[in-house]
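After this come two complexes, each holding chain A, first together with chain B and then together with chain C.
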Partner chain A sequence: MSLLEIKDLSVEFSARENTVKAVSHVFFKVREGETLGLIGESGSGKSVIGLALLRLLPANANVSGTVLFQGQDLFSLRPSELRKIRGKRISLMPQNPAGALNPVLKNRLQIEEVFEERGIDKKEGMKKSLRLMKKLLLRDPEKLCDLYPHQLSGGMRQRLIACMSLSFEPELMIADEPTKGLDPEAKEGAVELFTKIKNDYGKTMLLITHDLDLALEVCDRIAVMYAGEIVELDKASKVLNAPSHPYTKGLVRAQPRNGLVPLSGQSPSRISLPEGCFFHERCRYSNIECFRKHPEMKNHNGGWIRCHFQSLQ
Partner chain B sequence: MKYFIKRVGFMALTIFAVCALTFFLMNVIPGGTAKLVLKHTFVGLEESVTDEQLNQISDKYDLDAPLYLQFFRWIKEAVFRGDIGTSYVFKKPVLYLLALRLPATIQLAVMSMLIAILTGVSLGIYSAIRENKISDHILRIVTLFGVSMPGFWVALLLILIFSLRLKLVPVTGYGSLENLLLPAAALSLHSVAAVMRVTRTSMLETLGQEYIRFAKAKGLPLWKIVSRHALKNAMLPVITVIGFQMGSLLGGAVVIEKIFAWPGIGSLLVDSISARDLPVVQGCVLAIVMMFLFVHFLVDMLYTHLDPRIRYG
Partner chain C sequence: MSLPILAVNELAMSFGTLEVFRSVSFSVARGETLGLFGKSGSGKTTIGKCIVGLERPTGGEIRVQGANILNMGKKEFRKLRPKIQIIFQHPETSLDPRMKAFENLIEPLKLHSGLKQDALLKWGEELAELTGLRPEHLARYPIQLSGGEIQRIVLARIMALSPDFIVADEPTSMLDVSVQAQILRLMQKLQRETGVSYLLISHDLEVLRKVCHRIAYLDNGTITSIENIKRDVKR
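Entry: the complex of A and B
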């Protein structure tokens, strides 16, 4: 059964006269207990989807479509009802752990407040959080609580944030670029952390990342995003080991261990998107049809792909 | 501690520089001091002043000595005996005169500062939360008038409206709260506007930070996000401006006190300048500078309290 169902989600940002199409017509489902990865290069719209789900986008964002969470439409909820879902049933693990912690408040307060407005005893909540912190490989959690965020290392901050997002045992966790800006060692730690979260808590997770190693390690299924739309969606191992879409192929080849072959060109301007396939300018298989007609999502080998030439591959 | 000593050293240096400047500049103004002193002693009999009397006065106050010697003597007396001179006009120690006037000025300054902080900060927060809504625009236009109108003119308007037309409060007087209201309002108007504008800007910047989004994702209500997460971070630039406003407030008090016949240091300063009562001018400037430095010292101490990342070494 699907826990989260996204139907025709589009996000546009209005900036002066222009509208920037960040996400266009995205459909996907997240099944109970699975980890779905959203991958793609910077600016492909993956983080915007994560924020749109919890209605955390700035006021100039124009969001359309439907998001069903256990059959409940998140976009039609009143603010007070939405607050009951935020952090409790759907939690967000934000990108950039350094920026997500308030620099002038002690860690303890920032952990405690997860339990506020919930009718739960703060002390009980803290106990639970401390246990969780120990499990998430944080040493000396009591001492950590009395420090300020700037006194922690990047990896510690991330664990702390993971702990805040998990302490309510949410039904769905959205992790937004958890390895962004971490050094290789901390990245390995993050892979370990997410494997642990997945195995020990069996959480349903939406993992937004451009770190293909992390995605392959943790995700069950992967959706590849390009210029605001999903171009390929299949089992993680299939997408990353035997990609079908030309863009995914390029993405995989650009990995250091696969030869570091860069994708030529740039992704199209999101103010005026090309008429045909969004990827045709950079695609080495493209021909006249790709230039004229925008491809629809098609079933292919058990997965989904948005390309005119799936028979070629 | 080392920082503290350094800080006090700089304050002493500032005070010395300001005293030296006032002293020498006052002596640059043409017209002999002895003559003026006598004029104030023999009001109406100025014509009968003899050279002998002039010499007597010059001898008494040591006015024929070179300026640097006079200044050196003043400093020596001030530092070692705490005596900052005797008024030529009132024939009383300057310290005594200051002690008489200081409470009134402090009362006025503190009241104006309170008005400026309370209304400025709350209006700024309100304006930031309602960014680009009608109420925000109205507030910003009103405060534009606030920063543009000179205090003395506002003072006259307030007297006209509230004292003469509506007869709500007396025009002048000293001692009760209703006497304090008009001068404090006139004096603080400019600061209210300045504090409100900087609060709005700073608040908007803070509200766009990632930790605010994370706080929203935790499911906290808006008032808690503003009061706990945003306010403390947004206050840093605001208290800097408040510190500077204290300076312009003390400067503005000189005129405002004169208009409302408020028995403070400001009106004493104006009277002494026209009477060329040099020791009193010197004393008033000294008092104002010390108040100003004290406020700035407080502001710097507040920084470390607000932001744990700031530590003075």
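Entry: the complex of A and C
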């Protein structure tokens, strides 16, 4: 069974006279024990999806669609029911781990505070966290607890947050850009960390990232986002080693090792999206049909692709 | 042979008893990109800051076209200053959040060029075009721009001063792969068109190998080797 199922999710933000289309008609399922990656350039709508399914978006967000978590519709839950899920059964590792920690509190207090907030015995919670820290490659966790967040490297901070999230034994973990700005060593550490969370703890994860190497290493399947839509969804190795959608091809070619070839132009304004395919202004394969008609998601070789030409090679 | 645009000789830096680096030496020719590779904490950013005068090293010399900036008179240094620029990993820190992108872009021109309003606007527009910015971006405040757009504004702003040398400190490490490729290719284009030289600081070797002419390796407080990448410097 799918642990998480998203159906026709759209998010718009109203800002004065304009409407920003952040996410359009997104659907996907995450199976129990699976890691699904959401990739795509910044602004493509990845974070908004993560926030939307936990109902953490600001008041000017207009959300439609359905999110089922173990068959339960998250959008129709009462706030008290939602609180039982948020941070406990579904945990979110935020995009900016530095911002997730209070700079003036020693790490031990941070951890205790989180348990307190969620109504869990501090001592019990702390014990669990320490045990996790040892397992998740943090040496000398006791000493680490007596430091302030800024005394930890980016990689260490991330692990600490992972331990805090995992100590609630969530059924689903959402991690948003866990490797952004990290140096290569810490990035490798992150690959190791998420592989461990996945294999040793069997966690189901939604991994939001633009780090293609991390995505390839850790994810089972990958959804590629462009301008608020999913344009390709398939097995991770297929998407990144033999991409079908022209945008995914462009992403892969932009990696330094694949030539550092830039895509021409920029993603479209989300206030007035172009007619036809959202990618047509930048697409090497576009033709007349692409200007006229917006492509629908179609089955393609066992995966999904949103392009008029499914047989592109 | 003409003088290198920048030569760093036996540069040393300590904070109190902590030695960050010692005897760091390298030079950069006109139109060349020298990569500076090292682990985080190895002192790359400090070297960059010394070059643009934001830090004062504890030893050594920094020569810009032969003249040592460390024992230069204030007046002389002030004249040189606009020619040696730096861009950071978090470019938004170099922009004024209260000014729209276009005003941010032309601000240094206002200060240094003495141009009249008309000429100023025209040059600003040319720079925006050169760096791939659209009019809609120019009308926004920094907070309303993406990381890649901000990095373009910062580049345009710096190019306004016709610099000879730019220290680029991890300019793309916060950007997406696709935007990173755009910005690095843009920097190469600007180099071809203006002959500007770069010190490109990065902890990503794949990136450095792709765009640098040579790469200096900083390890254990000193430059351990300089690698030649086969790529001609266009002068």
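Definition applied: the second predicted complex is superposed on the first by the 305 of 313 C-alpha atoms of A that agree within 3 Å, B and C clash if a C-alpha of one lies under 4 Å from a C-alpha of the other, contacts with A are read in each partner's own complex, and residues count from 1 in each chain.
Here is the rule we use: a residue touches a chain if its C-beta (ideal position, glycine included) is under 8 Å from a C-beta of that chain, and two chains touch if they have at least 3 such contacts.
Quick caveat: nothing in here was measured; it's all calculated off a predicted structure.
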Contacts of A:G228 with chain B and chain C, given as first, second, both or neither: neither
Partner chain in contact with A:G276 - chain B first, chain C second, else both or neither: neither
Which of chain B and chain C A:R86 touches, first, second, both or neither: first
Partner chain(s) touched by A:L105 [first = chain B, second = chain C, both, neither]: first
When both partners are placed on the shared chain, which of chain B and chain C touches more of chain A: B
Common interface positions of chain A, toward chain B and toward chain C: none
Touch list for chain A against partner chain B, complex: 51, 54, 56, 58-59, 83-88, 91-92, 94, 96, 99-105, 109, 113-114, 116-118, 148, 150, 161, 164
In the complex, chain B residues that touch chain A: 131, 208-211, 213-221, 224, 228-229, 232-233, 306-309
Residues of chain A that touch chain C when the two form their complex: 41-43, 153, 180-181, 183-186, 210, 212, 250-251, 254-257, 260-263, 266, 269
In the complex with chain A, residue positions of chain C that touch it: 39-40, 89, 132, 134, 136, 146-148, 173-182, 184-185, 203-207, 209-211
